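Should a chain be cited, it is by its letter among A, B, C and D, assigned in written order, with residues numbered from 1 in that chain.
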Amino acid sequence: MSAADYTDYQAARAFASPHAHGGGEVRRTMFLVLTALVPATLFGFWLYGWPAFFLWLMTLISVLLFEFMSLRLMGQKNAGRALGDGSALLTGWLLAMTLPPWSPWWVGVLGAFIAIVIGKQVFGGLGQNVFNPAMVARVALLISFPLQLTAWVTPLPLTPLTAPGFIESLHITLGQTPVPDAITSASLLGYAKTELSRGIELAQALTTSHAPQLSWLGARAGSLGESSALLILAGGIFLLITGVIRGYAPLGVLAGALIPAFIAHSIAPESYLDARSHLLSGALMLGAFFIATDYVTSPTTGAGQLVFGLGVGLMTWIIRTLGGYPEGVAFAILLMNALTPIIDRVIKPRILGRTWSGRPIVSADAGKEA
Amino acid sequence: MLVAISSLTILGAAFGLILGIAGRFLAVEADANVAEIEALMPGTNCGQCGFPGCSGAAAAIAAGEAALTCCAPGGKAVAVALAEKLGVSLDLSGVANEGPKVAGVAEDLCIGCCRCIKSCPTDAILGAPKQIHNVLKEACTGCAACVEHCPTEALLLHPVPVTLPHWVMPRPAAAF
Amino acid sequence: MGLMEKFFGLSWGIHPKDHKRPAADAVTRIMPAPERLYVSLAQHLGAPALPSVLVGQRVKKGDLLANPQGSVSAAIHAPTSGVVAAIGEIPAPHPSGLPVLAVTLAADGLDEWSEALEATPDPFALAPDEISRRVAAAGVVGMGGATFPSALKLASSRKAGVTTLIMNGGECEPYLSCDDRLMRDEADAIIDGIRLMLYATGASAAIVGIENNKPEAIAAMQAAAQAYSEVSVRSIPARYPMGSEKQLVQTLTGKEIPAGSLPAEVGVVVHNVGTAKAVRAAARYGQPLVSRLLTVNGGAVKHPGNIVVPIGALVEDVLAFAGGFSATPGRLVMGGPMMGMSLPHARVPVVKGSSGILALAGAELADREEGACIRCGSCVRACPMGLLPLEMARHIQGDDLKGAVKLGLKDCIACGCCAYVCQSHIPLVQYFAYAKGTLAAEDRAKLHADATKKLALARGERLAQEAREKAEVAARRKAEREAAKLAEAAAKTATAATVKTVETEGAPA
Amino acid sequence: MSELLLLLISTALVNNVVLIKFLGLCPIMGVSRSLDSAIGMGMATTFVLTLAAAASWMLEHWLLMSLGLGFLRILTFILAIASVVQFTEMFIKKTSPGLYQSLGIYLPLITTNCAVLGVALLNVQQGYGLFWSIAYAFGSAVGFTLVLMIFAGLRERIALVKVPAAFSGAPIAFITISLLALAFMGFSGLNIQEQ
């Protein structure tokens, strides 16, 4: 090109600064979160067999379908492209990870509908919802179908012969074969709650042979993504390192749940579970790193996120320990989601040159001139 | 029956008495916010709202007889200010917000009749009989009072031209 | 970045890819005056200058073209010798491309300096106010881009009793390297200028803050400043927007400038290093500001580098001198990529505040359609002012400008960090610029309404007065008429009486 | 003391008057546009609820029961509530004209806030003493205020969001509060007394 070609340049309109961009993309962020979920999910498939995979697939497909339909209904022309941002996929994935792995197919489909349509799209779609869609779906399902949503199975890895085969698994997912009683099992939290309500002390209840066991790796009854605390933690650390999430909310959740658990257990070990059981049970780890860090429904400032996390942790412990439900992460997240606008209103960064209350600061040198 | 009636009567009387006493102590004089409303109006008394001047319109608005959007020269800004003052929500869809305007004289049409000069509420038109008139842009409110009085349609409203220091970055066209 | 900082995101600002080299390392070139120069009359903060030449008049380089007008304004001088070809409107170097008044100069190619320059062998012998006067006469303005008349800043600093002079060598904008180049090439001249500014303001010490991505400039400046204990050169972390006044003062002195106040409030004043050089030229040699060093850079530029350009040269001439394009540019920008202005086309002139001309290739722009905010909070972390850009934008999108002001819109310095990090490509700065502009227009409309209200009131009074006078006149007339009538009647009776008398008198006669 | 605290928590959260008992939805929908007026409304309702509960307890025990006029209960309670509301309205008009203006019609409508009458009637049903009646009413009012504030915060955010036209306004508000009720169900069965 010659120097004279500058005349080709024609700006169509006034462009606002800045004329450079850092390169961050929503799509990339969502992709990183999905990547962080992969190890725990794969391990879950191995642990619970084909039915878990079918449920996961079912949920993801229906989530994409509902998202696409909603976008089209709202008149979005390139709904397909909007689908590509991966946010719906993430919602569906997170939902699938909190469902009992052998749930029938309609649990996944109904959950996807609640999450995408009621939890997200009626508010205007991506970024506009006030509650975490996956948790809305999870709670709505739990309240509507308590039986199906607490039917945990003991891990039956794909490899052993006792595990259901491909076809048999299809039957389970399609709801034609009920989950045999022999392989259902209570989660530790549910077990502890039941035993306590029967008047049996924890120390005694947990030492019996049929008490659920705990392990970092996650060979225990539970949902797809909740089982392996270690892999979830690894995913969380991956997100911290890639800068997708910050440490405030996870720190808050863990501290908010474990500190009261530790104190209560120290005072009355016969009626309160220890901190380790709380950490490795249920969705605490998943909630701390993947759900409490949801951008849309949590506060924007670091301090706000810490408060949010502490609230989630504390509520989780309260509901687990004192409430009617054995698991409280989903409820705790929704409750703190509801408080997020107020947290955001109260906790704001200090504006440079102003006091916390917004008045200009008084400089130390101001008196000197007078 | 009698007990019921009498006890209810006594009860009602007692509560009424308490409220009456409280009403005496907590009395509030009705605030005259007509003046406050008038302060928000353009104050040029152009009469386009159909009321006798801005004070008349303010009184009508305070009494709830006029729409908050009745002021043409004030446009959207005055309507919003009024809504804020009165604490009511406002439907702005009916207000045309074409931006500020000023009157201009088409010099080939002006016959120098001086009628517009008399109609201008802010003395923004200069001229003498049989001379072409001119509008002082700084003093013109764009109220259009002069337009009606011009026999030759020489007076027209034009949008205020955008100048470099007054240029405003356009609002981003939200794509989603 | 430490691990804690990464996990918890504790620092303000951003670390953009700086793109400063190889332009910063290229040898400075000097551009001769092109055939025609378009010297804008509004190239400083404040009122435009008033032309003092006539069309057809012959001027020499450095001759006065326009006088300052009003309290905040600056003089404008001829950038080369030649003839005034026109005084009229030309497209302004501004995103809108709206016209601005300018003096068009047809260069004669001789580039002769004016003989009327007042040189001084020892400016330190002059009174401090005399230095300010010479700086004002030379039309020096802030070279960092804000273009505030420097003489006013020198004089007001002296009045406010400023103790520390902060010299801004941060140049935190990516792509730009003109300050870097200037400090490497003319460190001694800059230090001399700084000492003159210290003298003019009465400040006791000067701190030159240079970002640590310019080691050559730091070394050159430190060597030049060695002999003067009152001037210290400090390396500061490279981080955008380190070159912003409030952030620079806080980094160098630890003092926080109160919102809505000048740095003088905390006893400092901030000048650009380029201004120091211009001050020196004005005070020592009486040379007015007629050319400046600027960076020509960007992915579409064939030979990026720094060029000394006469004020008023067209951007297209500068780009041609620099060697033209290697690709069709996606956008032309005057200034840096973070805060610079997009240009409508290349036929706009260089002004005193032009620190760079960027021809950015499409790939560098990363323009995307605006998406929905996902509240990721990146903008909150990046904002150097501690604002909540996402909330402000949400209010502006919902037409609640007052809500945005409550959140601190007026404190926004438009640095662009928020839009730079935004994953959803929301043009946050554009929202804020739109809101600020609209609010300013509303304020102007309010002033206008108040003024016209007074006029209407005066008219009402006048009409009342006229009516009163008319009534008085009418009353007086009536009274007069009645008096006349009475008098007439009286006269009639009198005459009648007289007649009678006469008659009676005459009767006997 | 701890019993009192438990009663307060249980009435405010576990048996929340709005989200679990579905009482007082009218002001929840009407005065939740801004957090500031929601706080004002919450305080006014707290005042009315507590005072009305005390007044209705006295009427119930000292008048209706002694005279055997149980069938007049609703009538007398409404009378007492209306009087308290009237008094509150005068008081707010005097002390805070801005709040008075922002609450608008919803202030006198506290009279018909079914939470107020509902709590007074529930007190009778549960046979609480005067002190516990007041505590129960206060706890309910705190729960009401809490939900009103949370909901106002959510609505302030939703107001700035591009909700599809079919759902904007009341529909999205109802969806939001239903999801809030869903979240509050987590407190159900919160078994504080036993532990």
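FYI, a residue touches a chain if its C-beta (ideal position, glycine included) is under 8 Å from a C-beta of that chain, and two chains touch if they have at least 3 such contacts.
Model, not experiment: these values are computed from the prediction.
Visitor: When I count C-beta pairs in contact, which pair ends up with more: A-D or B-D?
Guide: Greater number of contacting C-beta pairs: A-D.
Visitor: Could you put a whole-Å number on the gap between the CA centroids of subunit A and subunit D?
Guide: Taking the mean C-alpha position of each chain, the two centres sit 33 Å apart.
Visitor: Could you state the distance in Å from the CA-based centre of subunit B to that of subunit D?
Guide: The mean C-alpha positions of subunit B and subunit D differ by 40 Å.
Visitor: Centre to centre, by mean C-alpha position, how many angstrom separate subunit A and subunit B?
Guide: 53
Visitor: When the centre of a chain is set as the mean of its C-alpha atoms, what distance in Å lies between subunit B and subunit C?
Guide: Inter-chain centre distance comes to 36 Å.
Visitor: Residue numbers in subunit C touching 2 or more other chains?
Guide: Correct list: 95-96, 371-372, 397, 427, 430, 433.
Visitor: So which stretches of subunit A touch two or more other chains?
Guide: Residues 14, 16, 124-125, 128 of subunit A each touch two or more of the other chains.
Visitor: Note the residues in subunit B that touch 2 or more other chains, in rising order.
Guide: 169-170, 172, 176 - these are the residues of subunit B that touch more than one other chain.
Visitor: Please categorise the chain-chain contact pattern as a line, ring, star, complete graph or other.
Guide: Graph shape, chains as nodes and touching pairs as edges: complete.
Visitor: How about subunit C: which of its residues touch subunit A in the complex?
Guide: 6-10, 14, 16, 95-97, 160-161, 174, 246-247, 250, 255-261, 265-267, 302, 316, 319-320, 323-329, 331-333, 337-346, 358-360, 364-368, 371-378, 380, 383-388, 390-391, 408, 411, 414, 416, 419-425, 427, 429-430, 433
Visitor: Mind listing the subunit C positions that touch subunit D in their complex?
Guide: Per the touch definition, subunit C meets subunit D at residues 394-395, 397-398, 400.
Visitor: Show which residues of subunit B lie in contact with subunit C when the two form their complex.
Guide: Answer in residue numbers: 42-45, 74, 77, 100, 121-124, 138-141, 162-164, 166-172, 174-176.
Visitor: Which part of subunit A faces subunit D closely enough to touch in the complex?
Guide: Answer in residue numbers: 74, 118-119, 121-125, 128, 130-131, 136, 139-140, 143, 271, 315, 318-319, 322-325, 328, 330-332, 334-335, 337-342, 345.
Visitor: What residues of subunit A sit close enough to touch subunit B in their complex?
Guide: Those in contact with subunit B are residues 13-14, 16, 125.
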